[in-house]
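Chain naming follows the written order as A, B, C, D, E and F, and within any one chain the residues start at number 1.
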Amino acid sequence: MDLSFALSNFLSPPILFFFLGLLAVLVRSDLEIPQPIPKFLSLYLMLAIGFKGGVELGQSTPGGQVLLTLGAAIVMAAVVPVYCFFILRRRLNVYNAAAIAATYGSVSAVTFVTATAFLDQSGIPYGGYMVAAMALMESPAIVVAVILARLALSKPGPDGTAPTLETGWSHLLRDAFFNSSVFLILGSLLVGVITGDRGQTALHPFTNALFQGMLCFFLLDMGIVAARRLKNLRTSGGFLLGFAILIPLFNALLGIGLSRLLGLGTGDALLLTTLCASASYIAVPAAMRLALPEANPGLSLPLALAVTFPLNITLGLPLYLALIQRFGS
Amino acid sequence: MDLSFALSNFLSPPILFFFLGLLAVLVRSDLEIPQPIPKFLSLYLMLAIGFKGGVELGQSTPGGQVLLTLGAAIVMAAVVPVYCFFILRRRLNVYNAAAIAATYGSVSAVTFVTATAFLDQSGIPYGGYMVAAMALMESPAIVVAVILARLALSKPGPDGTAPTLETGWSHLLRDAFFNSSVFLILGSLLVGVITGDRGQTALHPFTNALFQGMLCFFLLDMGIVAARRLKNLRTSGGFLLGFAILIPLFNALLGIGLSRLLGLGTGDALLLTTLCASASYIAVPAAMRLALPEANPGLSLPLALAVTFPLNITLGLPLYLALIQRFGS
Amino acid sequence: MDLSFALSNFLSPPILFFFLGLLAVLVRSDLEIPQPIPKFLSLYLMLAIGFKGGVELGQSTPGGQVLLTLGAAIVMAAVVPVYCFFILRRRLNVYNAAAIAATYGSVSAVTFVTATAFLDQSGIPYGGYMVAAMALMESPAIVVAVILARLALSKPGPDGTAPTLETGWSHLLRDAFFNSSVFLILGSLLVGVITGDRGQTALHPFTNALFQGMLCFFLLDMGIVAARRLKNLRTSGGFLLGFAILIPLFNALLGIGLSRLLGLGTGDALLLTTLCASASYIAVPAAMRLALPEANPGLSLPLALAVTFPLNITLGLPLYLALIQRFGS
Amino acid sequence: MQAVKRVEIVTDTLQLDRVLELLDKAGVSGYTVIRNAEGKGHRGVRSGDDVTRVFQNSYILTACTEEQLEKVVAAVRPVLKRVGGMCLVSDALWVLH
Amino acid sequence: MQAVKRVEIVTDTLQLDRVLELLDKAGVSGYTVIRNAEGKGHRGVRSGDDVTRVFQNSYILTACTEEQLEKVVAAVRPVLKRVGGMCLVSDALWVLH
Amino acid sequence: MQAVKRVEIVTDTLQLDRVLELLDKAGVSGYTVIRNAEGKGHRGVRSGDDVTRVFQNSYILTACTEEQLEKVVAAVRPVLKRVGGMCLVSDALWVLH
């Protein structure tokens, strides 16, 4: 790994504020950012990243490669939960295996946003369509994981019971494809595409100039939340901890390979890789809580939030970039 | 109507985000902007519009025409509820007729703000004193409507009862003239007048550069809220629906005529017209809930919020502008 | 006092918005800024002031004088509560005397922030290390006041009882030194020092351009809150009112003398003086509520919030500046 | 522990100040208020996530003596009649301290 | 005043809509909801200050008749069994207005 | 359904962690907390819309057995005595699930 890249990432304001949040909990400071401020910051980040991506997308002439990349991204998001599910089934019941598989098959918008800030700082360009890729990768894992759970439950388990899933498909699909994060990102992207340069001029101070500051503020909160969840990890055991560290790395390698196959540029490759490596800790846990309430969110959330997320934004980004630059296109 | 104007309004970021909010509810997304974020955004918009208007006002030399316009605006705000009341009495009881009359006599600050954004985009100038006109038009309708209700109730109704109004006049006048919206707009206007250029330099990035972005965010929420109220319209019936569509248009025509009489420029005429056409869905419903609790806010709010507001900001603005440019000064 | 300075301070947007908040309560407007918006604004101000100070500090070469100033600041923060305690003991019980002494020994971050805005407007430079001085002056008074209370309570009081303090020292020290305000200011300062110019470029629109606007918004709320607490003052009596007016002035004089001894420049001297004169109304009341729950926050808070704070930001700042310019270095 | 009457009132937040004033006049020793309550009743659904505040409820809990209860109920009933809301009375023991 | 059953339910906010639908079907005349409740129970600590909403509770209060009570309990029990939560029943008097 | 004691505590939010710790030690099976409660009592009006948190109350509800009740009351009473607050005890039925 190129050390200067790693260091410049570590010493960037967003990452430092994330560490500051972690530290606040470790020294038991009473620092906290009360709701709904973090919710506001995350809505802002999604609106801004969507809009910026849309403006950029509207200015480029998307060729076949863009469609291919979007398709590949969706396929990745549908395949990852399958092997995750079978790995997790070795130790966990159907519900928890499906919930965690969905978490790691889906993506984290904040990890993506941090990756774009990392690229901006490093002066590496990326395509606006990657924002669409992110939004499209959020939902498939939810549907795949529920299908897997349903199949597994249809044959009676070791305890002889075969509980049915209560929530109907229409509910599930709506929760998966119209959840607030997917909806706001794709919607803002559309506004960006439609309004183009004129929209950009009007919104630039809001969506661009403020972006880094709002991200710092939000990552300060993420640090606090992640540190609070750290203590839940004690109950997870070595198997899940190993899963939360190794699966993202494995998924990242798949992402790098895929990027190479698709012939993506460095920036786009890093974003796709980061998406593959990231795990959802907002949309998916909520959707799973509705579709599979028997699953324990106390298992999946600490892994995604307190292990995989910090790993990706601190070590992951420079590591993936170094690998892409060495082995990439 | 000049189609290019209509289209450029439809395709501006604020209006598109309003539609995005509507759509979120239609597809039953769980997107929502939790309180008090929308409250914060609306306080911001009032502070910013007030301050900007004040700075502008401080730099101009307000002549007699300004005072005349302010006076005419107040008269309009006092006259509109009178005929609205008698129209509404044909179908509604005294309480509901008075509450809806007050709603349509008063104004909507967000409609005004959207109109200024529309003018900015179209490159049409307008005077800072119009912000004062808006603030002064908020309260009279409340007082007039309560007087009308009191008069109507003093003669026994068809059911023989003559209930008295509970809240005293001092309460009512305070609620009308010092309500938070009037107070914040006029207060910020005063700060703008006093601090002038120096204030402007200090606050420009906050009150001006962010303005369009904050407006988009707020209109996204307004879209969600308006769509949620849409289903309440079923109980309103055709009479009230017609009222909510036709009265704003009629009031707009009065506004256009008045602007012509006063010899206002295009920008100021559009703002006055929009004020006449707009209906209050924040200050007035709250004041009516206190003064006339027998009125059902479930009737007045959906009309103002889910019919008149969308109508004004989407079709109304370009239509009024086209009419002003054809028949105006 | 130089009248033009006083006037230019009075007529600056932040102070005018503070008065607007006061006025809102006086005319009984329903204007309010609901929590957690004010909390968000105060977190923003601390993050921004810390970060800006850190960037500035990282660019200068801190000499021995800086360390001397920081040391002197800490000593002041530890000495002030001692004589305050003994003055207050003449009329109050141990608990209330200790709580108010801690309040006036500690500092108010918002007063400091308003002082920096005042200096910026007046074009007077100041050092980033003063932000560190502020953070370091928050905690000592808490510890000193609790020690004083403990000593006073160890000898039986007039009522023969000698209640013990419940909360342990480790809790107390943590509440004192890692409270959110100290932690966030010093943490952001560190981020500023580490990221320097690159961080500054990324965050400038957020931490600098927005600063005045966010301060105005926050002071609007402070005006409302201060005015609400004004009515609590009736129970305070003349002694406490006199204390809340005279002690800050006395502390300011000590601060001016100290600044002269240390040979500080005008800007740094004003900031140190303002810190000495200011009283904490956020961190200290909460810490005292935990350490000395017998103390009545209804006594200390109105004094700090509704008397000393307005006094310092309106008359204090220009007065202290005039004195420093006449008698200072 | 001392027997008290536990009175719960739900009504419009906009009417909160007036109801609390009535409780004070009825001589209760205190009350607890939770704002931002939502609900459904004869006037339909009232939920709080609104730009306006007219659909927001508040929940009030007051523990009072049997004698105060009558005054409280007499004071609150007309308000509930006029603006809507609910009032429940139950028995409880107050832990003296 | 009229004797009613006072039913308190605490469960996941994400399940709130479903529970309220069940109450409606059971025929209750109304209910009051307080969101943002935190708590602890068999599933451990659930506190609300989170980016995700999966650890947030809501508190529901409904006053109903004895007959409705059975329906309410029958409707709510399976949900609580599946997703967790608590349900308490007590006696109260409804102040008529 | 099983008979339980319904304990309601209102006290300073700043003291919340300590009170919950005491409840845990008293062995209760769970509790529900609503922050941002306001109120009035012997120490005057306490309302939450403040920059500081010293005037904010929290509301705690715990359902416990008769035996636990004694421990809970014994544990909570000194805190209420020192920092202020209220504690009510009433009867309820716990819906088993």
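Quick note on the criterion: a contact is a pair of C-beta atoms (placed from the backbone, for glycine too) under 8 Å apart; a residue touches a chain by one contact, two chains touch by 3 or more.
Source: prediction; values computed, not measured.
Considering the contact criterion stated above, the chains in touch with subunit B and with subunit F alike are C, D.
Each step here moves to a touching chain, and the least such steps from subunit E to subunit F number 1. Common partners of subunit D and subunit E, by the touch rule above, are F.
Comparing mean CA positions across the assembly, the chain most remote from subunit E is C. In terms of the distance between Cα centroids, subunit A is separated most widely from D.
Averaged C-alpha coordinates put the centre of subunit C at 39 Å from the centre of subunit D. Multi-chain contact residues of subunit D, defined as those touching 2 or more other chains: 34, 36, 90-91.
With touch defined as above, residues shared between interfaces to two or more other chains in subunit A number as follows: 32, 34-36, 39, 205, 209-210. Interface note: chains touch in the pairs A-B, A-C, A-E, B-C, B-D, C-F, D-E, D-F, E-F. Considering their complex, residues 1, 4, 6, 20, 24, 29-36, 61, 63, 90-95, 97 of subunit F touch subunit E. Residues 35-36, 39-40, 43-44, 47, 51, 174-175, 178-180, 183-184, 187-188, 190-191, 194-195, 198-199, 202-203, 205-207, 209-210 of subunit C are the ones touching subunit A in the complex.
Remark: subunit D residues 12, 14-15, 43-44, 48-55, 82-84 touch subunit B in the complex. Contact residues on subunit F toward subunit D in their complex (touch as defined above): 8, 10, 34, 36-42, 47, 57, 59, 73, 76-78, 80-81, 85-91.
Within the complex, the subunit A residues that touch subunit C are 11-13, 16-17, 20, 23-24, 27-37, 121, 205, 209-210, 212-214, 216-217, 220.
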